[in-house]
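In what follows, chain A forms one complex with chain B and a second complex with chain C.
Right after this comes the complex of A and B.
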């Protein structure tokens, strides 16, 4: 058979540049492939501890590689892109994964998730997250989002003898598959109407009045709204938060959300820039719904993790306010908000994880009764985190909300800012309820504190960042601005 | 014109068979409807000159996946499911949303200012032998995507093992080495029986 000469490619790749850009991701992949045989043959006695140490070490090296990788630009036939924005978000993701792994290292036994595959799946998901952030093509975006999500579905079901855990994993999987379907339908519409799946080319088409494209965009945004659990696509999150083992809840609550927010930023600010009048309305609706559902829904909750799920929905609402303003100060506020929110969540979850009652992890808010009598230091740190989430100055949560609403006011979105402040006040109710239970209610059943040194250090770091953020606020803002250019 | 008509006929069959998958009470019928949907999608690929993808769909999805489904369904011995009342509670709401989305899609395709680019004429599919072309771009232009798909399959493997492997205590496993090295005297006892003493 004679093959048409024209279609045989001579150059295999567009040079070595693509590989140099993706060095951190490639390193992470290789360490994952190394971890599989290590788990099987070498870590026999202390399987979980050793594999945990190995993963922490490889995440650290990946972080260093990202921070000091001088190569920027596009690679692999423009499938991925790396700029300072991507580097910032990737480092944030790696820091959150690092904190989760450090917390899990000593807490896996009591949470009954001490399978060494936990580390393996977390690393695989991290790899997906890194590719999501650097995607420059709708196909890369979709595949990487799947790579990010699939290991997390498995992680939710890790405690497989527990019916709640299995339920949460199944629910997350089904709704995640639905959201992937929506996303894929949107992508196919965008491909049909613009004829391309590359971000560069979509940006270059400059079609503004195309209904088909904006319809596809609506589906894509709904798919991503599932991932950040913005209302009305939030139904999965309370059940999944409650059902999955607590360390995995922490994992779900931090890194994938950062990833999805960065995808939203890339899609709205860098790809569909010409459609800003269309997606702005959509995101305003998402943001208002999330604030309402998050603030009102949390009031009646009695389970601690369900409450945190609703609180995260309302925080997503505030973050989307920053996105709506469509300005540089808007993205700045969003990035600032997710950074401080990450440390707040890690702090709260480390406190929850360090307490247990009758040998069981605590579940209900009422389990926290009388905490102040036995552990004054721990209760004051929980108080600081709760005040910060409620947005009381001078703690970090206040500055997050302040920047977000400031960006909205700059763009004359007064109603959104006013409603945001109102719902922020409503949500303060349930944060203060927790504080009331800690300080003003007593219980005969004392809680047991079990803290490893790592956990103490992590709580201390989160506390320091929460309390002293106002000292290095200008520095942090400058850092984010530098990464935006 | 003919190809457009045929396209619509096959698409309608796909939609109907998908409805059949969801609504039929017997799970075996559902799987058979699924196979019908796959075969019709393969025919749609043929319209786009993508004969390789069409054959792949039939070989992989019909030949392997759907048949596997059929085996599982038959082995599980699933009884005909009773209609769940809980679903009917939400039916009006579902119908409302579906209607809104459907009307929106119709509006897009009816309104004049929309041009759906003719994907079937895109240069990627104009080659006579698209197997060669696919192989050519899969390992060069889209090398990264190929690798990511590979990692996703690795995740599936690890996941299946994590969720199903359990080490039970007290299971007697076959140790071939031990079986082979067993000598006759370990397992057989030769006893001399006096004549007349045996039963």
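Right after this comes the complex of A and C.
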């Protein structure tokens, strides 16, 4: 009887409103479809730059569509949802993709990834990310997560002749598939015990204690923890970061993590609200593990990208501290943290990408030796980014940590806050190590600087945001608050 | 007219503007004059900052209670954080000390810093901004931002231009101090959360219960105790002092150590009065250990820079004793001791810098007979050494005697223990002076050392002048503290 009612209700668009809320995604999808023949027939000799320009343009238009789309609500038979929260996260994702594409426009040649498929796959993955954020149904969520992840597995192996690149792609794929399996198993448990996969109906069931449902949640949490590389599900990230071409590493480090965190926010704050006391212990455990692994694991690293991988694990630990407080100030802190962390990462990676040694991209931390002798401005920028990542005021990283710990103290999670700051001191050590190598050591073997104007502007923007965040702080906070209501 | 200007913000951010202009000086300017330009811009910026602080002094009303030149503007209204600047007599005296010492530091490095001059001057100017901002801020979060921000330029100053073991010293300094202060951050966040505002005035009007006070006091104490430094937390100091370049040591001993004492006075005492009284015996014990233990350690040093570093710990022990006596004499003595120690230890490190520039050694046994080699320098060194010993007539005497008098009424045993250090201090400082100035000729190469030049005179002269002036007319400084100290004592009782 019930099933019959549902069949009757199904119609494709839910009226014009349901269609309108998905306009940006649909536009992006069409531009992807357009890009395939363009790549094949019009951009002669697989010219990378024109396809790159096309993708940047389409991302830009998608961003504008999202910012100026007045339609909110649920659509497509309640499969997707768009509120101001979703809009904020989507714009953040699009900004990060835009920055990645701008960086790659001129840098892909030297990184040996100048295949026009790069742009196509990035756009495809972006489309997946947008759908992940707006999904209102466990099945949409899973499918969109797969759409986001599969192109990235291919992107990791884009440098075909490089054994490390292939290894990283394979590793990412195997572990990613495992995490998808866990996620799907969790979803099926939830479906089995609650009888529905729609977020609206799960919220309406009001089940608070159910052992099967709790198991399902644990599996789902593990699956998402894979995506954000929170310890103990972090194993893939150092290898993948190291092996992938650097622009792809930047892509992996920013947009998919923003997506996964927003999924976590949606699940914990909006869908499984009654399970908060069960989430708490699990997320605290994840957060502590990530802080420990991230801060201590990074100390012995000599490869720059591996170090950044561990650093991102420890940052995820801090972000989870904000999440675990289950309050509005918690989400604000998390969103604020990922926003500034995005610009920090983009800044650091742009600097790494603008340097090369003997015609090769730099790999080791020790390659940065004596950077300050030759490029003082670039060194000061890197110094600022490092101190900011270490959370030293008045730079942006401090404000992120501060808001996160504020949320934790508000919920009386004192031990978590205290352990958090202690691990932030430990992680300060390896950021200082990079500063030491830039400033305290000399080298006769100079690095070569190759910067396109775009790269210079991006570094400048990231630097401005990092240094002058205290001016934008109230504004940014207000923006986030407005998007939460 | 001037009172309507945001004079505190101007003074605070003036050095930052100077640093910005130094970045703009192009590296390959004509006639290779860029290094001279960098130095001149830095020097003039610091002198202008000094003049700005003099303007503050002229307009300062010594008879008014409470904070002056207050500047309040909303910053993060949602969390109740305001950009609140304002000074009282205590802050003003530290601001003057800072703006006075920074030009000296820059002049001091005029010829001794040859590589990365631009970054050096930027670091010093940024450091000045952070220090002045810290002494001006009346909001806990704003204070914390400036307090921690000091670490960045100081880390670079020690690490880039320091001695042989500089990397170790810089890391130790940074991580030690950071670990100390992050707990304060949690305490500040707690206060912000409970009170709903981090403005010092609001927090002062809030009564924490005793147990909360204990925890908060401990969190603040660890951070300030590392800075002061008090006895078990002092191990970063000898390394940092020894490895830092001369100007770095001057500013470290002269101003950075005072941040701890200032923090106790401004935050720990008024905010957590009951906890302060509870911890008084422990602070006295730690300070006495610091005074006696480090005096003995100082006696055993052969590196003269290390000797002065340990003597700093001993002198700062008087400061913490004085602060925790909770009476006018003690507080006066403590702050006076901080100002006088800022001048004296700054001058001592300056002398060591002068010696090191000429001989390239800091081993006390390598010096001798400077009375005949550098007679004028020896006179200056004598004034400074006697100031450090605490001879009546120098500024070192006033602070110590006030503290000893104040603590007698509370615990005579502490007076005796601390008084012992006057003797110990005399022993190691006079040994230091004897070995350098009167000792035998030990190193034939040192015969060629040159007497002080004009630039060095201009550094020693004002320092020695103020050491003697404050020793004879201590009321010049003590006038600053009448109202702020009575306020602190009222809030304790």
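As a convention for this text, the second predicted complex is superposed on the first by the 470 of 485 C-alpha atoms of A that agree within 3 Å, B and C clash if a C-alpha of one lies under 4 Å from a C-alpha of the other, contacts with A are read in each partner's own complex, and residues count from 1 in each chain.
We take it that contacts are C-beta pairs under 8 Å (C-beta built on N, C-alpha and C of every residue); 3 or more make two chains touch, one makes a residue touch a chain.
As the structure is a computational prediction, the values presented were derived from the model and not from experiment.
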Which of chain B and chain C A:168 touches, first, second, both or neither: neither
Which of chain B and chain C A:477 touches, first, second, both or neither: second
Comparison of chain B and chain C by chain A residues contacted: B
Contacts of A:244 with chain B and chain C, given as first, second, both or neither: neither
Which superposed partner A:160 touches (first chain B, second chain C, both, neither): first
Partner chain(s) touched by A:436 [first = chain B, second = chain C, both, neither]: second
Touched partner set for A:254, first chain B, second chain C, both or neither: neither
Contacts of A:51 with chain B and chain C, given as first, second, both or neither: neither
Which of chain B and chain C A:424 touches, first, second, both or neither: second
Partner chain in contact with A:398 - chain B first, chain C second, else both or neither: second
Chain A to chain B touching residues, read off their complex: 3-4, 7-9, 11-13, 18, 22, 29, 36, 76-77, 79-80, 115, 117, 120-121, 124, 127-128, 131, 139-140, 143-144, 146-147, 150-151, 153-154, 157-158, 160, 191-195, 209-212, 215
Residues on chain A engaged by chain C in the complex (per definition of touch): 372, 376-377, 380, 387, 392-394, 398, 402, 405-406, 409-410, 414, 417-418, 421-422, 424-425, 428-429, 432, 435-436, 439-440, 470, 473-474, 477-478, 481
Contacting residues of chain B [partner chain A, same complex]: 104-105, 107-108, 111, 113-117, 119, 122, 127-129, 132-133, 136-137, 140-145, 148-149, 151-152, 154-156, 158-159, 161-163
Residues of chain C defined as touching chain A within the complex: 23, 27, 74-79, 116, 118-119, 141, 144-146, 148-149, 151-152, 155-156, 159-160, 166-167, 170-171, 174-175, 178-179, 182-183, 185-186, 189-190, 192-193
